[in-house]
Amino acid sequence: MNYINAGDRSGCLSFLSGITNLSLIQCDLSCFLAQQSLPPVNSLSLEFLTDVCIALEKLEMDKSCRGLVVTSSQPKVFSAGLDILDMYGKSPEHCAEFWKAVQEMWLKFYGSNMITIAAVNGSSPAGGCLLSMTCDYRIMADNPRYSIGLNETKLGIVAPFWFKDTMVNTVGHRATEMALQLGLLYSPAEALKIGLVDQLVHEDQVLTTATETMTKWLAIPDHARQLTKSMMRKPTIDKLAANREADVNNFVKFITKDSIQKSLGMYLEMLKRRKA
Amino acid sequence: MNYINAGDRSGCLSFLSGITNLSLIQCDLSCFLAQQSLPPVNSLSLEFLTDVCIALEKLEMDKSCRGLVVTSSQPKVFSAGLDILDMYGKSPEHCAEFWKAVQEMWLKFYGSNMITIAAVNGSSPAGGCLLSMTCDYRIMADNPRYSIGLNETKLGIVAPFWFKDTMVNTVGHRATEMALQLGLLYSPAEALKIGLVDQLVHEDQVLTTATETMTKWLAIPDHARQLTKSMMRKPTIDKLAANREADVNNFVKFITKDSIQKSLGMYLEMLKRRKA
Amino acid sequence: MNYINAGDRSGCLSFLSGITNLSLIQCDLSCFLAQQSLPPVNSLSLEFLTDVCIALEKLEMDKSCRGLVVTSSQPKVFSAGLDILDMYGKSPEHCAEFWKAVQEMWLKFYGSNMITIAAVNGSSPAGGCLLSMTCDYRIMADNPRYSIGLNETKLGIVAPFWFKDTMVNTVGHRATEMALQLGLLYSPAEALKIGLVDQLVHEDQVLTTATETMTKWLAIPDHARQLTKSMMRKPTIDKLAANREADVNNFVKFITKDSIQKSLGMYLEMLKRRKA
């Protein structure tokens, strides 16, 4: 399988013009590589989430696109998760808008008809871990400096029920209970052990392994695979779909609390000091 | 525990006269061995399923029969699964009749009051895997040429929700999601690793181990064990019991589609060529 | 972390006067050690359960108490489980009262806002296993003579649905199905393997490890951890909370049956002979 720059496929990707921080590269006739390329750490901002959702929607409608490998072009990080700047010091309206975009991203990825493979070539905390868990298969770089997990409680916030449901579907109830209560970030080896990722390979081999894996998945008839995927995930998806507004209200009410804003502020300060 | 041919138990098994492809052998006073013996590969045809259900129903009513070991007398195969000839080129009425028999088999085995142990002494794809998953314990021959799994998607068809539920109850949500999407057939070693079977033994030891295991299970008071088994399985059983007709209609609508019939035809051709 | 006798904390523990078989020792400002000390084997009698519930309720209201380590001061046993003397030869009214206390204990522990860690320094069958499963983390002494499990079927009785739910949440559906049907008691090594306990340490290290673990859990902001714990456990708790009366009636009807009373009588005789 060769990587072909999407630009080479005349016309076909014109719908992606204007999406600057997600580069789509065509692997072969039936599969794309989606590279998150938003410096420095692919934070899932409102703008980036909107772009990602538009891209996914268009790919989903392109019948020739059957698979998607999701990865990062930024060094050392797959995705740093939700952008705290979209939750800190913002109006309730902005927070609501942001949360709807997070929901939309999850609904689109977890319910995608495409084969989705996460090539986790760097750290993947919080929303980054969620994004990788929505995929059908997760390959992670075997570098002990990278970590993955839903670490929300460490910031004083709480993963919503659909983050939790996705994790229960991936690693089971008990591992999720401990992971979420402690906000655990797992090393690649630990993540493999509990089933949070499916395979570890050398950093250099993440993309190659992802495309090889894709080839195996592409051998399965689409129709049967899609019905099966939907059967497995529909109850979980329906739960959020039926409660989007309540979930938004719940998030806005929680995140705009003085105590939570203070926690986020302290966390941002800590990040700044770390950089300096 | 000694095997006694059922014929030796005067009178008791007269209800089994006329059932030719399932030989029932009495192990001791409280346990039977059910040997599938339908050449060449114990395909679960409408006729065979009907026979199996009648036999199970009678054993269930015989209070002295507390346990059942299910195995195969055919070489290299435990059960090849549902008989495609009952789904290919058949009338919707025939397909409906067939599917009702598959449901009946599952309901009877998964809800059995007896201790059921699968002595998986050969390959066990699709419906064969389902049958073994309905049992309380699975012992498989440690022969790497054998495999087990729900491989429906590879044929372009989809495992119904109750196949899926049974697998989730056995190996959990994540392993099921991957197994079903890819139609994976597992080697004995892989099957043990994900919990699809409980124990591997040398091919020669499958039956002996099954009867030894049965002795351990027979030591548990029936009443308490049966109530416990029912508590674990009832929600899953109730789901199908409440939706049998819709599930039949769904199956018939799907399987009689031109595209699906074409897939099945190609699969049958492939099997013929392989034999030749 | 140093152990301070609760008596040293002037005033604060006065509410515990009169509770004789549960000694509460303060570890530091935010954590207590609850030592079951009811000779010979910490059987969960009606009286003891009542005391435990009162103590837990008071600790729960004391905002400065954020964590609880549960252990035993009796040699070789963490807890022998429910006291059979409260179910054998007793009036239906007494049995009902007893069962309500068992429910109350489970509801309080499984839904506790505190961090709860089980320091399982001895055998832990039946109700003892349940108690440890309600905790957030389980550390067991690595002594092969100790065992843990829900062994109700071996006595001819049946674990109720909320015992079952707690175990499914801990070790998954399949392991629970087998464990409950066979009434399995696991060695520490086996318990670790299926996830029934989280960690094994040398007998001398159980308490030290428990307090070290507590320190890690105390580092998580309470509010976020409590909301997360509640999200994970609320559906399971709600199921019993909505069905307490039916569950009591069900228990009383079952346990007062002649056949069940006879089983319990035989079991008590066996215990007596073993002692002699």
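Order as written gives the chain letters A, B and C; numbering starts at 1 within each chain.
The working rule: a residue touches a chain if its C-beta (ideal position, glycine included) is under 8 Å from a C-beta of that chain, and two chains touch if they have at least 3 such contacts.
Since we're looking at a predicted model, the values are computed, not measured.
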item: Same or different contact residues where chain C meets its copy chain B, judged by the half mark; value: different
item: Magnitude of the superposing rotation for chain A and chain B (Cα, nearest 5°); value: 120
item: CA centroid of chain B to CA centroid of chain C, Å; value: 39
item: Residues of chain B engaged with two or more neighbouring chains; value: 172
item: Touching residues on chain B, where the partner in the complex is chain A; value: 152-159, 161, 164, 172-174, 176-178, 180-183, 259, 263
item: Partner chain C, residues of chain B touching it in the complex; value: 136-137, 168-172, 195, 198, 216-217, 220-221, 223-225, 227-229, 231-233
